[in-house]
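Right, I'll just put the structure down here and ask away after.
Chain IDs A, B, C, D, E and F follow the sequence of writing; residue 1 opens each chain.
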């Protein structure tokens, strides 16, 4: 069992809010890093107390270069000051959809290379949440303990708490339908899938949706929403197929560019998602649940917290 | 001997200009990376041609997170596509003055940790220019070939080309005086040092300068200029000690915040420096020489170019 | 350029036939390993000549424990006797469909762990052909040069040589439809996909096939055929949808258990596939093309053979 | 001290019986792996419960490719699922007599290369029993904790329990005589050695045995019995030299090919040995003792079990 | 918390005296290695008891090849016998002033290479005391826990115990003046620096000392005294500047060649220093304090001793 | 093929003579390291020219701590200055007879640990000559190219050049008799073995020698001579068995303590051996041949010298 004093919990700047929630769940203090930015743009970081012999927990989404880089700095800093172990939680992993290099493109598969940077910083344990592809889990030589945590239970709980009656889960493409089926079976509700095809880098077209949605509320589920293009198309297909209302749900709410505006203008009644992507909070459009309980559960087991 | 076709030379975005000059010096083509930025801020990179079996040269200063990160991406991309070797040139190394962690501060010595990230990306060879501290050269387990290139010859050539008569080199503190002495001996000119003391994180005070500068042009030399504070103070001390004119010279022109304005208002006649820091070009204040010939010389030897 | 005498090409026992063809393509000798089996079942291996300083090429499918193990032995043997480089070609990778561990199953993802064994044997270069999942490519710390070779050109050539007129390519599920589309575009023929769902470990059910196959020859394409269950189902769906003839095509012909009998009894006119899986030869049912030209092309480039 | 619940003990299929005995000795449950063999010959493995944070013990002899491979799979599986430590016991190590490559043979020294495969799977601790050569212990870079356990105490106990009176230990060659002397001194009995010479790969000739065996029971001791050739020859020499009865004793009873028949036809009264080699059980010829108490003792110390 | 029985504390021969003091501070037994020297000069080493599962502490200065080599042997021996952790304390690090290779000299920077040898022996933790340069701390790939312990508190205590009244600390050069300032601020006494210049490998000249020493006792402080040349010169400058008495103080008393004689003949009243360099004991000239309390403090924290 | 200018050949101080001979054999210059010893005993090393891009050859016996340590320094220096490859020749390996740790002794097996230090210094290639045990060859993780060179051809040539008529080779124990048999078969002469038993650390007793030596010259052969005890005993047994003259022959002439005197007083007519052990030269007792031609042959092949 691990003593309260044996843990230090920090975060990169972007994930501070989420980390505070995790600390509260675990009934442990959160430690804010000391940060000073110099005139030349360089940033000074110091741990707010002695790390030596502590089990260091670092929570950090890597949705931009600065956050990714700060995560690397924190892992290395923890090793430098002789932490007993360095345990990393990555709520949202940047570049996770770029994990494959297409043949003859000479493109850099940053999903793999960036995750490898994290592994090379020598953490003892790394947890990811609802990964787009598990290939990144293996981008090391077997020396890193990794864990892929799924939000299934949180998602089920969230949907049940919404008070929807008579709903069906819809996957925007066949690739994601296995996970939607898994969640539907936990909710004991029907599910179906649209047929998305990617025609160009940013253009997709979504095919017809099965009539199983007719007269029901459709909840379109995906792992992440970036520009929202295909999920909004899928929502429209659901309405065309007779759905009476459409909500969408995704773990990672990137909501890039004008996505928010597009959702506001769309027939979608609400966007349910988690707080893995920094800055997501509930408002009239977004309905956000926290992954803090999930992270707390993983850490409790891994660090043998009581 | 290495064939012309066996080399591919690329750069991170910030160092593209300098890399083009190096390519010209070596009479080899420069290859611009394909870069696409997506709506969510992620950046797609692809090599413009097949890297397999090529000796890849990557030139990249790491003065900000984005540039540092792009350098890591390029090194890993080169390995991913089976380059014969990956050779890195870092004209300006970010965080190079943060290479020591003060006792009991729990601060992260980013000079060391960031350089280690570069080494961990598995380049075959890494060259640095005029390092603030050589500690970073050793931040690996002996598996990386490194080289510390000095600008001494370029500096001497540059000063001689300026046509100054009767000048003396001045070091702003004792720490840098050894290098100033080395350059002065190549120039066969006198040299002296001021006594700088650092009182606080950003505050230094520069002591008296020896009378050897009286009636002469003083060239205050340092490895880098950030805010310019102490070098401008040293310049004033030189004038107080009777210097007739003061120029300053440094390899790395960071020129952070309002530094440019401070120089413009100072009695300093010109600021001589190199193009290691991205964006530095000659104008009415700055007199910039390029390190391209030095980099070319290092690469010619390392890659056995004819 | 690499001298003829600088190469030594060997194979594990199972891939000897294929390796001989590769050697013929490259106009290089094939070297048969010396093998002696002792009374206790242990097998003695010796290279038939001096490996020191040679670029060793090892061709070996890993479809069973003995062949996988022999490949590891050969790689390590090459390193032991100081080969200049050890280059591995894995025509068929065993366990490649077991690359993911399902949550909470505690199952061993052998696709990853077995491939990692190969990487840990310290080859310099490893080529795979038509991988079921690319996740295995990354199961190292970045120290291995890997290459994923696709049979696309061979497949196109093969189909064109069959003299079919008016055919359509069919994918048995949506997961594989991208690759089928790619090949169809090279062949300038239409393509469609059935909708396969996996209900249990060994049971799948294939949905309706689009009417695009009506009146045409359907070629059902997949990466591998194991028991043949779903591909035969897909063939039947094609006939139900009006196809006039059905052939199937897959790179890796595992043809496990009673699969051959099932194909013989099915309405499928022929089974086209490659010789990646050891023992596959053309007969009244199977129409086998060799991947030797593809392997030769990869080696020619990697080893800089003329 | 390690809690009961903190241990999980598994085995490869071949060593299941022995592992059950070890578990009984330690008063800990044995966990049988879930194994499913698919039509294509591939084998699915899953741990029967959650491994995370447990000290995993894996017992596995590596007498054939399948068992060796399964051991590798289990070690890697334990790491994959984040075992706190992975502790391996190898009762019988395959290829242990092939630990040297003769000059100019280009043979693969599999004793070394196979053991290295085990080390590369990243166990924390590996125990071997009565190794033929200790060279394999060092086939890593110093990162593996190894232990060479000797059966001396078990052997002494076994012989004493046989109720022999007036016996002498005989080594079949000079190489093994040191160990025989060590055991003889523990038993306070005389010992001698025959002079074995190896003339060809499978042919040896055993010289005269000293008259110290006259009128006594001779127990010929070796580390392993494979075909039994030389140990049976030695037994005959003992009778020629006047021994009144001959038994043989060896830790590892490989008993390859027709060895059992040869022993049955020989004048040897019984074959004493351990259960390190899978499948060895007592019958009218073999008198088997278990190494389970020895393994239990090693694990008790290493895992700090009470 | 660590049990008494879980620790084993040993030393290389040269640091045995100091290690005994550390053991006494920690109230733990010291274990003397078994050493036998053979006729051919080789030395046999054995731990005096079972190391398995123990936290091994090894104390060893590396002032000559034999001591350095013995330290490596002990670290590797501890790993070989499966110590739970290997914790190294290096009171005096040899070659610590040779940590930089001057450009174009092709000299071997042994400060770095020798420390890397220690890191490569795979200790878990290494503590250094008052390093000449911290560059050596980083000469690994991030896999070693290091700690740089400073004697500041011991130095302050020592000076205060000397009963000096009205003293000033003097640094012999500007490089060391920061540390002198730090200690002076702890002692609330004035401090100043002489200006040392190194003209040749063994020749330095020390400039004037500030008049702040007039009428006071001057304590010239440095990190180490080798030949004593520049510290004696500085002492003379202090007297020339009006100091009434001069003592010198350094952590590491190398006292090479005729240094002792030079000090005896100098006007220096006493030489205060620690016992990091083997063999230093108090006498009429040297006033030695022990670093044992500092080492004990570091170990108490690192090993969680009560 | 390797150019003359691409090689730099150096040696540790002890093996300088032998290295000069190797250089002469290869018709390449030998480069003497620059060495300066400082007052504190530390030794400065510099390569006499630029190592960058050169294939560095380092010849160094490791018979004492200083020589072993210098070898490590040279390997690391070569890596530091970016040699293209570092190739090590170890004519005599110190501690090679201490490659096993006896059970329960807690002794450090320095044969293994010291060799591992050499491998950890990251040479590309290491050659050993006539190793006492090959276990040290494997003391790495498979990343080092090693080669075990045997002097057999040199030995045969040497004996033939001595002009002996009617001689027999004698092994002092059974362990070494295989190698003696190998050499005898090359010489087409008879051979036999005495029976050595080691009773205590330094005491051995040699049994009777076969009558095959009667009337002949006996040449007692061993891999090394340390104190000479058992080889002199064997010589006496040969004379007792009727030999008319006795010479001894060994690769490594350690000749420790009073061994020379003992040989001078013994009936042995001459001691034939090689120059692997530093300092061995021919005189009235010793008849020394050089291993330079053997080393040259190995290097010629490994470095592809013409």
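Some points to look at:
Here is the rule we use: a contact is a pair of C-beta atoms (placed from the backbone, for glycine too) under 8 Å apart; a residue touches a chain by one contact, two chains touch by 3 or more.
All values reported here derive from a predicted model rather than from experimental measurement.
Common partners of chain A and chain E, by the touch rule above, are B, D.
Minimum number of contact steps separating chain B from chain D: 2.
Here chain A and chain C face each other with the same set of residues for the most part; over half of the interface numbers are shared between them.
Centroid analysis (C-alpha atoms only) places F farthest from chain A. Put simply, the C-alpha centre of chain A and that of chain B have 39 angstrom between them. Measuring from the averaged C-alpha position of chain D to that of chain E gives a distance of 50 Å. In chain D, the residues touching two or more other chains are 76, 80, 112, 116, 120-121, 142-143.
Chain pairs that touch, as defined above: A-B, A-C, A-D, A-E, B-C, B-E, B-F, C-D, C-F, D-E, D-F, E-F. Chain A makes touch with chain D in their complex at residues 125, 142-143, 145-147, 301-302, 304. Against chain E, the residues of chain F that register as touching in their complex are 34, 36, 38-42, 44-51, 63-66, 68-69, 72-74, 76-77, 80-81, 94-95, 98, 101, 105-110, 112-114, 116-117, 120-121, 201-202, 226-227, 254, 256-257, 259. In the complex of the two chains, the chain C residues touching chain F come out as 52-53, 76, 79-80, 82, 121-122.
Put simply, chain A touches chain C in their complex at residues 100, 103, 112, 116, 119-120, 133-136, 138-143, 148, 150, 173-175, 195.
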